[in-house]
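There's a structure below that I have some questions on.
Chains: A, B, C and D, in written order; residue numbering restarts at 1 for each.
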Amino acid sequence: MADSDTQRAILLLSCPDTRGIVAEVSYFITTYNGNILDSQQHSDPDTRTFFMRVEWDLAEFTIPAGKIASAFEPIAEKYAMDWRIEFSSRQHRMAIFVSQYDHCLYDLILRNREGETHADIRCVIGNHGKMQEIADIFDIPFYHMKVTKSNKAEVEKQQLDILEKEQIDVIVLARYMQILSDDFVSHYPNQIINIHHSFLPAFIGAKPYHQAYQRGVKIIGATSHYVTADLDEGPIIAQDVARISHRDSVKNLVARGRDLEKLVLTRAVKLHLEHRILPYGNKTVVFD
Amino acid sequence: MADSDTQRAILLLSCPDTRGIVAEVSYFITTYNGNILDSQQHSDPDTRTFFMRVEWDLAEFTIPAGKIASAFEPIAEKYAMDWRIEFSSRQHRMAIFVSQYDHCLYDLILRNREGETHADIRCVIGNHGKMQEIADIFDIPFYHMKVTKSNKAEVEKQQLDILEKEQIDVIVLARYMQILSDDFVSHYPNQIINIHHSFLPAFIGAKPYHQAYQRGVKIIGATSHYVTADLDEGPIIAQDVARISHRDSVKNLVARGRDLEKLVLTRAVKLHLEHRILPYGNKTVVFD
Amino acid sequence: MADSDTQRAILLLSCPDTRGIVAEVSYFITTYNGNILDSQQHSDPDTRTFFMRVEWDLAEFTIPAGKIASAFEPIAEKYAMDWRIEFSSRQHRMAIFVSQYDHCLYDLILRNREGETHADIRCVIGNHGKMQEIADIFDIPFYHMKVTKSNKAEVEKQQLDILEKEQIDVIVLARYMQILSDDFVSHYPNQIINIHHSFLPAFIGAKPYHQAYQRGVKIIGATSHYVTADLDEGPIIAQDVARISHRDSVKNLVARGRDLEKLVLTRAVKLHLEHRILPYGNKTVVFD
Amino acid sequence: MADSDTQRAILLLSCPDTRGIVAEVSYFITTYNGNILDSQQHSDPDTRTFFMRVEWDLAEFTIPAGKIASAFEPIAEKYAMDWRIEFSSRQHRMAIFVSQYDHCLYDLILRNREGETHADIRCVIGNHGKMQEIADIFDIPFYHMKVTKSNKAEVEKQQLDILEKEQIDVIVLARYMQILSDDFVSHYPNQIINIHHSFLPAFIGAKPYHQAYQRGVKIIGATSHYVTADLDEGPIIAQDVARISHRDSVKNLVARGRDLEKLVLTRAVKLHLEHRILPYGNKTVVFD
């Protein structure tokens, strides 16, 4: 992967698969003196859709960052692209939603401090007050917003206000035990990342470790996905598994699962922050 | 694991969990000059059931093999055990059921020839004729028994006749694409081992690789289980997984899956042949 | 694994392999009304050594904890056992040695707080001051003890004083970048756990990730082992690996390695704290 | 990966890293009506070397296959490329060298028959006669060529004659237990693929499973690499590992290892046949 201290542009696109796209895109970058650092592509044979991610060094690029989009526009139109340009210089503004478990929260914060991710963690929102202490240690604003059946719509409105005020562009549900309304989700399409503590589509819904224990599986898993209106049905970003045996109690599964959850959620968040994910339908193309 | 050239007895038992079982069983073996080679136990906290597998060297054991069961009977009764004694000297008599895929069939036969398993493969039964050639190479009798809706009951009757005549005690479904009737299954409880080409309970039923592809999972799996009346719901013996990406077509998943299927099925068969599996309810205790 | 809220005794032993040991040990426990919760054994065929770990519930055991050792002594002598008895009620007193990396330190502390391990972390000793901040957050005494060639013997003496004063019985080197003297090590045989950031015996010594990068391996690893007089040659407790590719820079290997180091060190520490490791020669029997 | 029934060209190149290569290569392909199916690149920061693999559909490509090389020559010269063009229509001509173990030989042959690889296996050369039987089953010519200290040079000469006569372009050492001379190796640079039964660079040389057992590692591995003049030091193509424990005898390690060896060797052979490996120095870039 590219070094982090040069300014880089990342172009993400999908369009009907046809001849000449790679050539035209790379020619565009080269013409204006950009040095391509990484270029990946994929063709989906079912939908005949073409996907591409290309990253280039802006050091000697002759178009100023603010004008690249308009310069590229004609090519995008020619191929009917769904596209965007990102810049490595822009830091994501992240909100983390939590309930009562701290392992994913700690992991996200510590890795960000270590420089493994480069987000600006603007706030932690908890439906319990328990995680306040951790947010305090790392000087991150904490909002305690209790959710009940009756106040859910109201709380979501307040949450949206905070997110808007903080100009949040990625929301991480770090074992947040509330279901977000379709309306809430529609404000942040493919910007809300959840960790589900099972190997989806196995054990959808509540208490997946209990379900896994009851079924007597020999492997458990964790799944990170974008949140959509359908519970646990959003596009999968990353999954991982661990071997278990008859000797593992539910309590052990929960402990083993914590490691999986941290690794998988971190991996998904990192891929998102580096603009390596292209969702399409309920699937993802991941250029890692 | 114990060396294969000494005569060994294997005692498998389950019973209500209470004090003194390990002591009494090991004392019994030692009293008659048996040398314990391996001893494993497990307590299921939900049902308060105790499970034990103990393996001992018969070289200087003073009770003849044929009389061990009756000598042990009083202990078994005292603790209300569900139990059996097996001997390493007895070779399992195996039947392999196949359809059109040869990878599991080859794998089972070759590993048995290499001495990795010690079964006596008595016959191959195929609902297609395609695998005849492989059975012929290795001089194993092959029965081509085409199954249709109308003749299914009749064919199963003929199959049961063959199995009985050959004194089969373990049936391996090596990608056999027919559903066995409840009646058939009831003749061989926990003696029919199937390989399902998904990470159960995900993607139960037909075409699991297609299902996995449609859902966009990042990991595929294979599951080996005992066959029960409920399709793909029997006690799981072994599972394994492999990472995939958006670049993998269904065809690739099928190819990747073949390796998983072979490894998982072989592992399950080996555990069964070595008397290392204690099924209970729809789960297994595996003393590996 | 056994529930943590009952009082339990754990007997660990090794001795020349002979008939009757399992029977005699389990009979001893049962006679005095102990309920065996877990029992594992192993025979090493090369040295004809027998290893056993047995764990039992003390709730109705009729010998008081303080007198179990002397009651068991005759059996131990009869079989020439190397043995010890541990109690689940006793908490290990741990010291953590660190240098400049914080990921293992955080991981050890957080998991202990979560109840995944049950140590009493008495102090953190650093040859740099950088980790003071973390120790402070969690209210653990921190000793900054800079080591140079000339003061090494003196510093080790001070460290031994602290360890003795704090009655430390397990030392975890959480990426401590100093080599301990043979004399120091001899005070804590099989009580010092190190994490080496390679898949030993590959890449012994300094900068293993650089070595791995230069060699072009496709998998990297981490190894946790007991510290002996021979650098990186002590008995291995746990190892794990991760896939890499030509695209991974040394910097990426270091980042990937951090996750391995945490998982492997934690695993080794947990096994040690639960008295599941029996070292012999430069190997370990791990009853997990 | 691309469908196998279209005619495709694969261009592999490496050259000093500079701006414009991707653009120029993809423009060349597009200009002549080629449809790029897959394109991957890599920059090595140490040596500032650029690597690229691009695969395109020849269906409507306007340059005939035989003239593509000369048409591309000017671009190759401009960037001082080390390059070659391959065609999916050309089948590799493979020789397999064996000694006394059959598992890798069976695996290579069966996967090729299943269509997982597309080689033309021209001959099997064994320094023992034991594998003749397997070669016969699958109608592959077998040469029994016993190697001793005194006849080694002579035998290698005969082997080279066979390889030349059969126009072999890839040699797979399927657990061939002889060391090839530098002279022999120099005839097939980066065309001889070996499987070493350890996780290199750990346990170089003879009896690696014995070495692993003695060292008490918790994971074993297998490594596939190109053969160079330095034993076990050639560029690594693929590696894999499996967990073991104190309970595994050397015999068990050998059995577990067989599965690893098959998987890793097959993977390396497949990558080679699909022109996905670019060796440089003692490393490889693998575009999988």
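Note that contacts are C-beta pairs under 8 Å (C-beta built on N, C-alpha and C of every residue); 3 or more make two chains touch, one makes a residue touch a chain.
Only a predicted model underlies this, so the values are computations on that prediction, with no experimental measurement involved.
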item	value
Chain whose Cα centroid lies at the greatest distance from that of chain A	B
Distance between chain centroids, defined by C-alpha means - chain C, chain D (Å)	42
Chain centre separation (chain A, chain C; CA means) in Å	37
Where chain C touches two or more other chains, by residue	45, 247, 249
Pairwise touch network: line, ring, star, complete, or other	complete
Residues of chain C that touch chain D when the two form their complex	42, 44-45, 199-203, 215-219, 221, 235-241, 245-247, 249, 281-286
Residues of chain A that touch chain C when the two form their complex	1, 3, 102-103, 106, 110, 114, 116, 137, 247-249, 252, 255, 258-259, 263
Of chain D, residues touching chain A in the complex	3, 19-20, 22-24, 26-27, 29-31, 33-41, 43, 45
